[in-house]
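Next come two complexes, and both contain subunit A; in the first it sits with subunit B, in the second with subunit C.
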Partner chain A sequence: MGDYRDMWKNLGMDLEKHDVLCEALPQAFGDIYLSQENRPDAMNYFNYALAEVHGARIQEIQEEKNNGKKVIGTFCVFVPDEVILAAGAVGVGLCSGSQFWIADGEKVLPRNLCPLVKAFVGAKVSRTCPYFQSCDMIVGETTCDGKKKAYEIMEEYVPVHIMELPQMKREKNYEEWQDEIKLFIKKMEELTGNKITVERLRETIDLCNRKRRALKRLYDLRKNIPSPISGLDALLVSQIAFMDDIERFIEKTNELCDELEDRVKTPNANGMKRIMITGTPMAVPNWKLHSIIEGLGAEVVVEETCTGTRYFENEVSSEGDTIDDLVRNLADRYMNINCACFTPNRGRIDDILRYAEEYDVDGVIYYNLSFCHTYAIEYGKVEKALKEKNIPLLNIETDYSEEDAGQIKTRVEAFLEMI
Partner chain B sequence: MEKNYILFPNYSQGLKLESLLKANKIKYVISPTPRKLSSCCGISIMYNKEDEESIKALIEENSIEIKGLYKLE
Partner chain C sequence: MHYIGIDIGSTASKVSVLDDEELKLNFVMPTGWSSVETSNIIRKRLEKEGIDIEKARIVATGYGRVSVPYAHKTVTEITCHGKGAYFLTGSHMTTVIDIGGQDTKVITVEEGKVTSFIMNDKCAAGTGRFLELMANTLGVSLNDMCQMALKGRDISITSMCTVFAESEVISLIGRGAKREDIARGVLNSIIGRIKTLLNKQGIKGEIYLTGGLCELDPFIELLSKSLNQRVSTSSLARYAGSIGGALMARNIV
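Take a look at the complex of A and B:
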């Protein structure tokens, strides 16, 4: 613990309002996380990271800033961390997972918008997210109309650079994304005054690949029956990945995996139903669906989401001698993310079917944040594909409020009984 | 159920004690500090009552700065 009020004040935060958020967290985390039985000891690091998410981690970021580093906020897994790191900057994922920020978001945005977008705008305009307050620049993208237009509001508060993400996957779109990455490199060089060299970019490609490998190792361990780690704990690891120091995160995630490897040597069958979640992201502290599912005695073994497999699947090749070569490698990897913003997006269905088999799931829950149209429309195709394979599917559309928690619980309970 | 917490003036003292607990194979859980104990954010350490004396000794021997040991019913 510690007293961070001076730091938050210097960041221009609304202390009184932020305190409401601080007040809710220990209880919520205690009820949802610390009440779980038989947690891996190595989760203590992630408890620490969560407890200090607005404290020690922000202090570290301030120290980096004092040493002349720039802080770059991102909001989407398409923004290449490799470029941010190669320019000697710090990348942070931005706050967007709490109901707390919705009311302030709705002051400047229409209400019928996805909670993720409302929350991230609310976090900025209410000055209650210390990550936002630390940012020298925010990097946006054009994955959905809500975010695309929200960045125009964001621009009134903080410098924004937008990357135009193509929405199809033809050869020319891969080239367009290479051009966008080159523009981003130029922007980062201007902002930081650091040249992004081939050597430096190759190093950060390797670093980000090591992070992906650590997460992949964690997910591969969840393929064991039973999984050696709860879905809630795995989700927390993924969420922390967006904020933490990258080298330390890799080290701590690998320590966790070492412990889990010991666990799977002596499996204790628990007969729990194995669930895949597919759909929209779950930013910290959004633990709503996992806590309902696992509270009913099932286990979430994989998330096909941006805070799950889409974040770490596929590595970037570090082959090549020029910036152009490396940019092509980056574009090839990032354009391979199967986000519902693309048309068509058959790759996502292939992923879901493959994961269903690899993780040996008993059922799939489609998680759709309210008003996220691209994912909501894509449900039909996923439903058809899973039906053909006789894989049970439940569709949950929800936001961050707790109002519908009882209803969701009833529906998930019925689903678990059926499968 | 009774829960026992150690609070610290800053997180680095908490992490220092954590590594000692780990090395001495004493069970603990890092937890966000309950609001009932302090309005400051950040970590505290939960421990089992039966380990209290050995933890106190570790704190003493290694000059760990703490804000105190607390109990919540």
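Take a look at the complex of A and C:
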């Protein structure tokens, strides 16, 4: 990584503390990622993107800012990137997956809260995340109680816009979400001074669809037996998707898929157990569960999570002649994401059952971040549905700390012995 | 040929030896502070018993399973307890409760195969360690605490956490509560935890208790009463993990 200290200083970061964070990451990445055998060559780009996650990419974002662009931080796959891009702004995902930020998060939040919320609050409070420091505005959403209230704290540090996500999927809720998207368009126009035109929005809908298609292509390749790419590598690609330049990300992901397509022409049966992970998101650098599973000789072939299928499934239609038409298309696509914040949420169970078949999995691991109540409660429904189909299931509830890694390893190992 | 199972638990280490016909030997020792050290002592003990380690097939299990350098294979204690319980009970369908030093598991075993399992979360409440700590606080042995509990009245220890439960016990002592009642409360607390796990998992077939508490008759009596179902066990049940390991060693070629 180059010398970015002046840039970080200008972003108002706590340099000393940030150094501690920067020191830990290369070691962890080396141990977990670079030690893997037979990785695709095209992963080199994603290695680079991760190594420069607080460097070169931030520099690019600063250059865009110098050219008058605004930077918008988001925390959830429900916030439509299309709108951010159509207003000529840069969008970055701010979800945080590091234990490093928990202690600072706990300064202002109760301890018994989801680690993802504690970490993103900690990242801001401690001034150690250059993405956060670059943001002109953050966009929250009402997906869970923890986030909802955390945004009130965020408001003391950075301008916040909240989108009220309906929690049911009736016709009127689709209309409500359309209204929210319209308010968001208005907000973005005010912030940037750029008008969001029909043409511009249609262009960014196409752009975001191309990104979804690239990720879908990657996931479809994982349906091969054996998968041509490790679950860890696929997870890294998904994680990078939240902060990278979109055009470049699409290009590099497609290059990776080209290479993987060659690989699957000569499959080498490896006899590995195929695992689906379903549940809560895994923000960078949260590689905990994947590294345990793959360290035990199984492969993760699909993630039904926000850092997996929920991020790219279904495209937005670009049909229509007016902003209203396109907003309806956006609402239709986003409201079809099957998050546990909705009631009921039968769609998620259908997705899990369909993926189990499509990806030919031997077992499912339910990944629940501690204190994420909606997913924890929904476990029961998922368990029942999988039991009916005789698909083995293991429940893992954990946070970002490494304290329980040994116990999780024993559970996963026993699960693999069982299936 | 000897087949050896070594179960390095968090508190106790168990060793079982099979030959091609039958169970030849079982012994137990404290794990102490170093699993590696313990595995060396086990090796010496086995050699003293006239077992040729070089020729034997060895499976290590338990939380210290990776610390047995001379083992041919490691298998988790969950699979081993399932195999061991099947060997000891011979029943087609068993729900195994294994109360270990640091965790408690409920394992459904069908025809000797684990079909599902559940473990308590990362804390010591509801484990053997919890009982040991509480016995210490009451100043009696584990066995005596269980005996006392039979004579006690039902009181409840409400704290979910071992550390808080201990202070709760201390304040009960301070208030002059009878030791028998407190002992009963301690046992009720651990039994409550086990019931929660059993309810989540569902009881299939007979209930079989493995682990270090298998010889504490008063505990088994209270557990059976609370579950409205007889809990069976045997003096060998503490070796279920190591027996399971030894059985799996038979499959090593």
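Just a few scattered comments:
Keep this in mind: the second predicted complex is superposed on the first by the 418 of 419 C-alpha atoms of A that agree within 3 Å, B and C clash if a C-alpha of one lies under 4 Å from a C-alpha of the other, contacts with A are read in each partner's own complex, and residues count from 1 in each chain.
Note that contacts are C-beta pairs under 8 Å (C-beta built on N, C-alpha and C of every residue); 3 or more make two chains touch, one makes a residue touch a chain.
Computed from a prediction, not measured in an experiment: that's the story for all the values here.
When the two complexes are superposed, the chain touching more residues of subunit A, out of subunit B and subunit C, is B. When the shared chain is aligned, no partner comes close enough to touch A:296: not subunit B, not subunit C.
Touch criterion met: A:56 reaches subunit B, while subunit C stays clear of it. By the document's definition of touching, of the two partners only subunit B reaches A:34; subunit C does not. Within the superposed three-chain model, A:47 lies in touch with subunit B and out of touch with subunit C [touch as defined at top]. Within the superposed three-chain model, A:413 lies in touch with subunit C and out of touch with subunit B [touch as defined at top]. Once the two complexes are overlaid on the shared chain, A:26 sits against subunit B while remaining clear of subunit C. Look at A:404: by the touch rule set out above, it reaches subunit C but stays clear of subunit B. Subunit A residues in contact with subunit B (one complex) as well as with subunit C (other complex) do not exist.
Residues of subunit A touching subunit C in their complex: 392, 397, 403-404, 406-407, 410-411, 413-414, 417-418. Residues 7-11, 14-15, 18, 28-35, 38-44, 46, 67 of subunit B touch subunit A in their complex. On the subunit C side of its complex with subunit A, the touching residues are 63, 75-79, 103, 113-117, 119, 121-122. Subunit A contributes residues 1-4, 19, 22-23, 25-27, 29-30, 34, 44-45, 47-48, 50-52, 54-56 to its touches with subunit B in the complex.
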